[in-house]
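Next, two complexes with chain A in common: one pairs it with chain B, the other with chain C.
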Partner chain A sequence: MNALLEKLTSGDVRSAARLIRMIDDNQPAAWDALKQLFPHTRRARVIGVTGPPGAGKSTLTSCLIESARQRSMSVGVLAVDPSSPMSGGAILGDRIRMNRHTLDEEVFIRSLASRGHFGGITPATRGAIRVLDAMGKDVIIVETVGVGQDEVDIARLADTTVIVWVPGLGDDIQAMKAGILEVADIFVVNKAEHPDTEATSNYLRSVFKQEKNTSGIPRDWMPPVVETVATKSKGIDDLWDVLDRHREYTAGASDYFVSRKRKACRVELENFVHQGLSEKFSTRFAANGLLDEQAALITSGEADIYAVAERLLAEIR
Partner chain B sequence: MNALLEKLTSGDVRSAARLIRMIDDNQPAAWDALKQLFPHTRRARVIGVTGPPGAGKSTLTSCLIESARQRSMSVGVLAVDPSSPMSGGAILGDRIRMNRHTLDEEVFIRSLASRGHFGGITPATRGAIRVLDAMGKDVIIVETVGVGQDEVDIARLADTTVIVWVPGLGDDIQAMKAGILEVADIFVVNKAEHPDTEATSNYLRSVFKQEKNTSGIPRDWMPPVVETVATKSKGIDDLWDVLDRHREYTAGASDYFVSRKRKACRVELENFVHQGLSEKFSTRFAANGLLDEQAALITSGEADIYAVAERLLAEIR
Partner chain C sequence: MDQHEVAAVGIAKMLRDNGMEVIYAGCFNTPETILQAAIEEDVDVIGISSHSWEYLYYMPELMEMLQKEASPIPVVVGGSVITAKDKAALGEIGVAAVFGSGTSDAKIIGSIQKLADR
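== the complex of A and B ==
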């Protein structure tokens, strides 16, 4: 393992790929490796790119890779695909547009499954970010298909969270307001050749003016709205300008920013502990077939899920 | 509490609203009440309606309510809105189009927050479904904004899961394939006046033909694709035909259906137990300020989240 970590921290692609695979498979040795990598991390700039399906996130990510390379920054990309906890299956999206970067050695692209009962993209993704960081990547882009929870998860991991929106999306923006308010650092309105672009951009700007601040610490960063046409590489320089402004802002470590970061970190710490606990007890109950037996009784209506859950919890305590 | 449950099971709207509020607030008494309601449940037909933002789910739900009422069925609707676990805040979407049903006493509509660290819509939503079921509603429609995990969650709760799609959504359908394959009972291609409609419908049909079946039990239900224009109430009768066909299919209790149901039930049982465990330990660590203290150290780079999580887990064991 030490040899692997040594190669990894000097930038070796195959070691990085191997460790990410170990993390994705949830191997106990990976957990130890991640702890050992700690001194080599916290250098990369982590950019989260999230938004609803069809918003053009992959194309935008591809544009960001290209301009980062033009600025001589090395790039790591993690594409987090939703997968089904029912089968534990993972799919690696065929990210055609990203393929043109695969011959560039300074660009490292990996797909990760978003496994786990809780749909949490956090634990494996955080591990993979740490690996790319320790490898020496300057910029790490984490792309997720997100609505609601996923956006919040990505915001915990990223230094800057970019929400990719498109003109004319329906009522749901209303329902998603609270989540977006708290996690968005930058809005991109992609496909900005659409006639509804201006109205959508204005709406996004207005949302923050109406925000009720419950944290007690005044907001000192208003998420800017950048309009892009990723398929034509339009607006990407504007996006970098805003990304750089946000980086300067975070470097200033304002009270607002630090308090948000701490809150996010606390939630993630809880997630880690819960995951550890859950794995322990799942293993225990799964071993004796108890869960399958009870699930069959609940399905047939012979037992009540609330009563069964209570009994299992009582057994643990 | 007994008086409340008695009124509730005779259809009283205010008692139902009160119990749902208790569930949403995670009050311990609500858990007991849900157990007591068990004998009065398993009568309603639960239809999940999910899909990406902007697909027109609320409009479609409104159409479904209307035709259910024309068929003399009483209806309960649960709209699950994403909310932010960072603040615990909930938002009640202003579902304008549903408002026209609010004067109809046989229609009961509630918004639920999707609270919880794990973004799981399951526990409170399942509780609310049970309440509406015990109230005597014939049909319960659960509407969620979903991509990935949320679709899977809703499929666990619903007898029939309807995925609402729109023509011309981008690459992401590829990435979402695995999840969709396992949970979709019916596809709706809404906004079917769009020129890409046929291509999208054909694509969705083709997806199932290429499916790799890993369960060992042959699939005996191929999710039909129904084209609708919800804003003009078009295609809703077709959708009901397919909903009725699926209901007949599930009543047949095929091996494939029962095995899927059992698997889903088992996952949910684990979720219940994990939630119980998590609450216990969060309370414990939160009480002495340990989590906040450690989160501050991790944020500033003085401590490593992996090492801290390991230490906390060791303390519990």
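== the complex of A and C ==
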């Protein structure tokens, strides 16, 4: 394992690819690897790119890779696509729009299937970000399909969340408002050649002004709206300027941002504990037939379901 | 590798519907871009679709590059214009399976699954 870590932290592509696979397949060895590489993380800047299907997220991501490279930054990309709920399989096609960066050694692109996880990202995404971080990538872009409330998850992972929108979808945002407004750091109106562009941008700005803050801590960053035409690389420098502004903001002592980070960390920690407890439960009770036994006693009236539950809970320590 | 995309997309859908995760790499790839994508994605099997003479030119190059890898990734090739003679030649340079026109879905899925399980 140490050999793998050594290779990984020196930027070895094959080690990184293998470890991401181990994480994605939930192999027990991945936990130890992540534990060891954790001290080598927290250096990269993580940008989340989300929005409805067809908004141009992959093309925009490709433009961001290009600009990051012009600024001499190395880039890691995680592109999440949905798994088929029927077969569990997936077609992951985001790479196609980023193909021109494939041979750039400073760019690492990895596709991830959502594998039944609702929330726009996979359970393995956080681990994969840490792998790319430890391998020394300066910028990590996580691209996800955002449909409805799923954007919330990406915001937990990213330092900066970019929501990609397109002109003409303006009013639909009403339906997504709650989810989006909580998480957006930057709004991109892509395909800005469309005649409705200005109306859409104005609409987004006005929606933010009306938004009430529910977190209790004053929101000290108002998401700017940037217009782009990703297929022509237009507006990307403007977007980058705003990304840099947000970076400065997050580096400063913003209570709002710090509380967001802490909340995200808490959720991840909670998930780990839940997962561990439920695994413990499965191996201790569910696997050996004890639950079936107890269920039989309860249904025949010989045992009390509340008393049994209390006893089982007390035994998990 | 070439611009004929319909069959590749069809195969990708079929594999997805049989529970596989397919990284679709698009058209106009070269052996270098295919190898790099396969390494970054840590794939089990590489599938090449070619409906022109180009496979004759590019496959030896790809196979040579793959054989330099510590653990070479198996490669399958599908295409409507692959002759029996070419099929044998592809086998000789290490291609794990060749699917000509008329190959059944079950055979394609089975071969790929077997290679992935190794």
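Convention: the second predicted complex is superposed on the first by the 257 of 317 C-alpha atoms of A that agree within 3 Å, B and C clash if a C-alpha of one lies under 4 Å from a C-alpha of the other, contacts with A are read in each partner's own complex, and residues count from 1 in each chain.
The definition used in the following text is that a contact is a pair of C-beta atoms (placed from the backbone, for glycine too) under 8 Å apart; a residue touches a chain by one contact, two chains touch by 3 or more.
Treat the numbers as computed from the prediction; the structure is a model and nothing was measured.
Student: Quick one: chain B or chain C, who's touching more of chain A?
Tutor: The larger set of chain A residues in touch belongs to B.
Student: So, A:43: does it touch chain B (first), chain C (second), both, or neither?
Tutor: neither
Student: In the superposed arrangement, which partner chain does A:316 touch: chain B (first), chain C (second), both, or neither?
Tutor: The first partner, chain B, only.
Student: Between chain B and chain C, whom does A:109 touch in the aligned arrangement: first, second, both, or neither?
Tutor: second
Student: Based on the superposed arrangement, let me know which partner A:18 touches: chain B (first), chain C (second), both, or neither?
Tutor: second
Student: Applying the document's definition of touch, where does A:307 land relative to chain B and chain C: first, second, both, or neither?
Tutor: Only chain B is touched by A:307; chain C is not.
Student: Looking at chain A, which of its residues have contacts with both chain B and chain C?
Tutor: 83-84, 86-87, 89-91, 93, 95-96
Student: Which stretch or stretches of chain C touch chain A in the complex?
Tutor: 12-13, 15-26, 28-29, 32-33, 36-37, 39-42, 70
Student: Enumerate the contact residues on chain B facing chain A in the complex.
Tutor: Of all residues in chain B, those touching chain A are 31, 34-35, 38, 42, 52-58, 81-87, 89-91, 93-96, 114, 117-120, 126, 145-150, 152-153, 168-179, 181-183, 214-215, 258, 261-274, 276-278, 280-282, 285, 291-292, 294-296, 298-299, 301, 304-310, 312-313, 316-317.
Student: Going by the contact rule at the top, pick out the chain A residues touching chain C in the complex.
Tutor: For this pair, the touching residues of chain A are 13-14, 17-18, 20-21, 83-84, 86-93, 95-96, 99, 102-103, 108-111, 113.
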